[in-house]
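Going by the order they are written in, the chains are A, B, C, D, E, F and G; count residues from 1 in each one.
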C-alpha cells in the first residue's frame, strides 16, 4: 500500500489527508448509505446534521486508502464500503447517532424492483379515483377494487407486498398513484468505528420500547420486593400495599380456618353460600 | 337452600349423607321436613363427590388483570 | 365450615341464630360441639346482616378469568 | 381481626400458636383478652397449615377493585 | 411481614402505632426486635391512613399472584 | 425506592446484599446514605429469597373483577 | 437487568442518567462495565420518560393466578 500511496496525484493525496484529519477530529467514523436521496434532501440532511456530524462523499478507492493509512480497526470499515456509501464523522454515542439518523428519515414512493423494508398495507375504503382503467390496475396489483358512488373504492384491507419482498412494476405504479410511500429516505448507518470497536446496524438499533418495558418491569420488581419482604419504605403506595397484603393474609387465614371474627364472618358466610350453590347446581 | 346446608353439615361431620341424617339435622333446626324433597336431594347427590363440588365454588373468584402493562 | 353451615341452616329456617339453635343443629349432625367456637360465631354474627352477606356472594363473579394480555 | 393478627404474628415468630402465646401478644397490644375467643381461634387453627392458608385466595372479590394508590 | 402484623394489631387495638407499642407486641411474640426496622416502619407509616389502606385491601380481589410478564 | 433499587442492583451483580455493598452503591449514585435505613433494609431482606420476592406480584390488583361465567 | 436497575437508582437519586453516573453505580456494585451496553442504554433512555414507565408499573395489573381451593 505504501508504494501505491506515492503514486497518488496531488488532489487525491489532499482528499486522503482531509479524511484522515476528520478521523482525528471526530471520535466516530462511520459509513452511511446515501442511496436514493435526492440532491436537495441530501443537502438538507447535511445541514441538519452539521452540529453533530459531518458527511463526506468520496470515491471508494480513496476511502479505502484512507482507512488503510489510519490502520487498526478503521480497516474493518473497508468491508462495508458500498456503491452508495459515504463517510460520516461524529462525536459521542454511536447509538444516539443511529437513532438521530433514523429519526431524520422520510418516505418516498417505491420503484419497480425495490425491496420493501416493511409490509405494504393498502387500507379498505374510498379513493379519489374516478372510474376508469385504474380499477383494473389495482386488481392486477392484487388490490380488490370496485366502483362505488361514482368513485373507485378498495374493497378490503390488503397486504400488497410483504417486508423483504420486491415490489413489481404494477404494484409500484399503483402504490405511487395511491400516494403510498414505503421506502425510507435518509442516511442509513452501515458501520461505525468508535473507540476501537466496529458497530453494525443490528447492534446499533436499540428498541426504546423494550427498554421502557424493562424499566416498568424493574419498577414492578422493586415494588414486589418491597412489599413481599416488608421492607419499610417511605414511598407512595408501598406501605399501603404492605398493609393490604397483611390484611389479605389475615382474611385468607380467617376464611380458610373458619375463624369466626368480625371482618371475616361475612366472607365465611359467602363461601358457605357459594358452596351450597355449587352443590345445588349439580 | 336449607336442604343443601343440611347435606353440607352432615358431610362436614364426616357422616353419610342419607335421608335419616339429613332429616335429623333439618328437624333440629326446627324445619318441617318434606320427605319427597329429602329423597330428591339424596337421589341428586348419589354419585356426587361433594368435596370436589364445593371446592370448585370455594376456589375464589380471581380478578382479571386489566390493561396490559 | 360446619358452624357456618349450621348457622345458615338455622337462618334459612327463619329461626334466631343463637348458641342454642346452632348447638342443636350441630349435635343433630353428630358433631362434638366446641362451646368457644359457637360463642365466637354468635359474637361475630352480631350486627351482621346474613341476607346481605349472601346477596353479595351471589353477586360476586364466580369464575376465574383470563391472564393479562 | 386482632386475634388473627396475633396468630399471624406468633406464627411468623416461628412459635407455636397456642392460647398462651396469642394471649401474650394481645395483652402486649393492650387488648383485654376474651378467653373464649382465644380458645375458638386455637380450635379453628387446629390442623391448619397457616402458610398455605394465608396465600390461598379465600374470599370472593367484592365487585370492583380499588384504584391504585 | 411480622412488623406489619404488629402495626395492624396495635392499630386494631385502637392504640397509637409508635415505636414503643410495636416493639412491645413484637417482643411479646418472641421476636428479636430490630430497632432500625421499627424506626423505618414508623417513619414509613407517617402520613399513611391505615384505615384507608385496610379498606382498599377489603375491596381488592384477593388473589395469589403469578410472576409479572 | 432507591434503597430497593440498590439492593436489586447488588443482587443482580451476584454479590451479597449487605450493609457495605448497598452503601457503596448508594454513595456512587450520589445519595447521602441513612445508616438506619440501610440496616432496616438488610434486616428485612434477611432470609428472603429475592428472586421469588421480586417475581411475586405484591400489588393489590388494580383490576375489575371478571364477568360472571 | 443490572443496567436498568442502575439507571433507576440514578434516576431515583434525582441525578442525570448518563454514561458516567450509570457506570459509577455499576462499578460500585462490582459489575464489570460494558461500555457499549451503557451507551446503548443511554441512547435508548434518551427517548423514554422514566417516570411514566415507572408509573405504569404502579398501575400495572399484576398477573394473577387462580388459586386452587
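The rule is simple: a contact is a pair of C-beta atoms (placed from the backbone, for glycine too) under 8 Å apart; a residue touches a chain by one contact, two chains touch by 3 or more.
The UniProt protein names, listed by chain, are A = Large ribosomal subunit protein uL10.
Remember, predicted model here, so these are calculated numbers, not experimental data.
Novice: Averaging each chain's C-alpha atoms to get its centre, pick out the one most distant from chain C.
Specialist: A
Novice: Out of A-E and A-B, which chain pair has the most contact pairs?
Specialist: A-E
Novice: Centre to centre, by mean C-alpha position, how many angstrom separate chain A and chain F?
Specialist: 33
Novice: How many angstrom lie between the centres of chain A and chain G, each centre taken as the mean Cα position?
Specialist: Inter-chain centre distance comes to 20 Å.
Novice: Calculate how many whole Å lie between the centre of chain B and the centre of chain E, each centre taken as the average of the chain's C-alpha atoms.
Specialist: 39
Novice: With chain centres taken as the means of their Cα atoms, state the distance from chain C to chain E in Å.
Specialist: Inter-chain centre distance comes to 30 Å.
Novice: Pull out every residue in chain E that's touching 2 or more other chains.
Specialist: Within chain E, the residues that touch at least two other chains are 1-2, 5, 8, 37, 40-41, 56-58, 60-69.
Novice: Indicate the residues of chain A shared as contacts by at least two other chains.
Specialist: Within chain A, the residues that touch at least two other chains are 213, 216-224, 230, 232-233, 235, 237-238, 240-241, 244-252, 258-262, 264, 270-277.
Novice: Which bits of chain G are touching chain A when the two form their complex?
Specialist: 1, 4-5, 7-8, 19, 35-36, 39-48, 50, 53-54, 56-58, 60, 62
Novice: Mind listing the chain A positions that touch chain D in their complex?
Specialist: Touch residues, chain A against chain D: 236-237, 240-241, 246-247, 249-264, 267, 270-271, 274.
Novice: Mind listing the chain C positions that touch chain B in their complex?
Specialist: Answer in residue numbers: 1-2, 5-6, 8-10, 12-13, 15, 21, 24-31, 60-69.
Novice: Which positions of chain A touch chain F when the two form their complex?
Specialist: So the residues of chain A in touch with chain F come to 218-233, 235, 237-238, 241, 244-245, 248.
Novice: In the complex of these two chains, what residues of chain A are touching chain G?
Specialist: Going through chain A, the ones touching chain G are 93-96, 98-99, 195, 197, 199, 203, 206-208, 210-223, 237.
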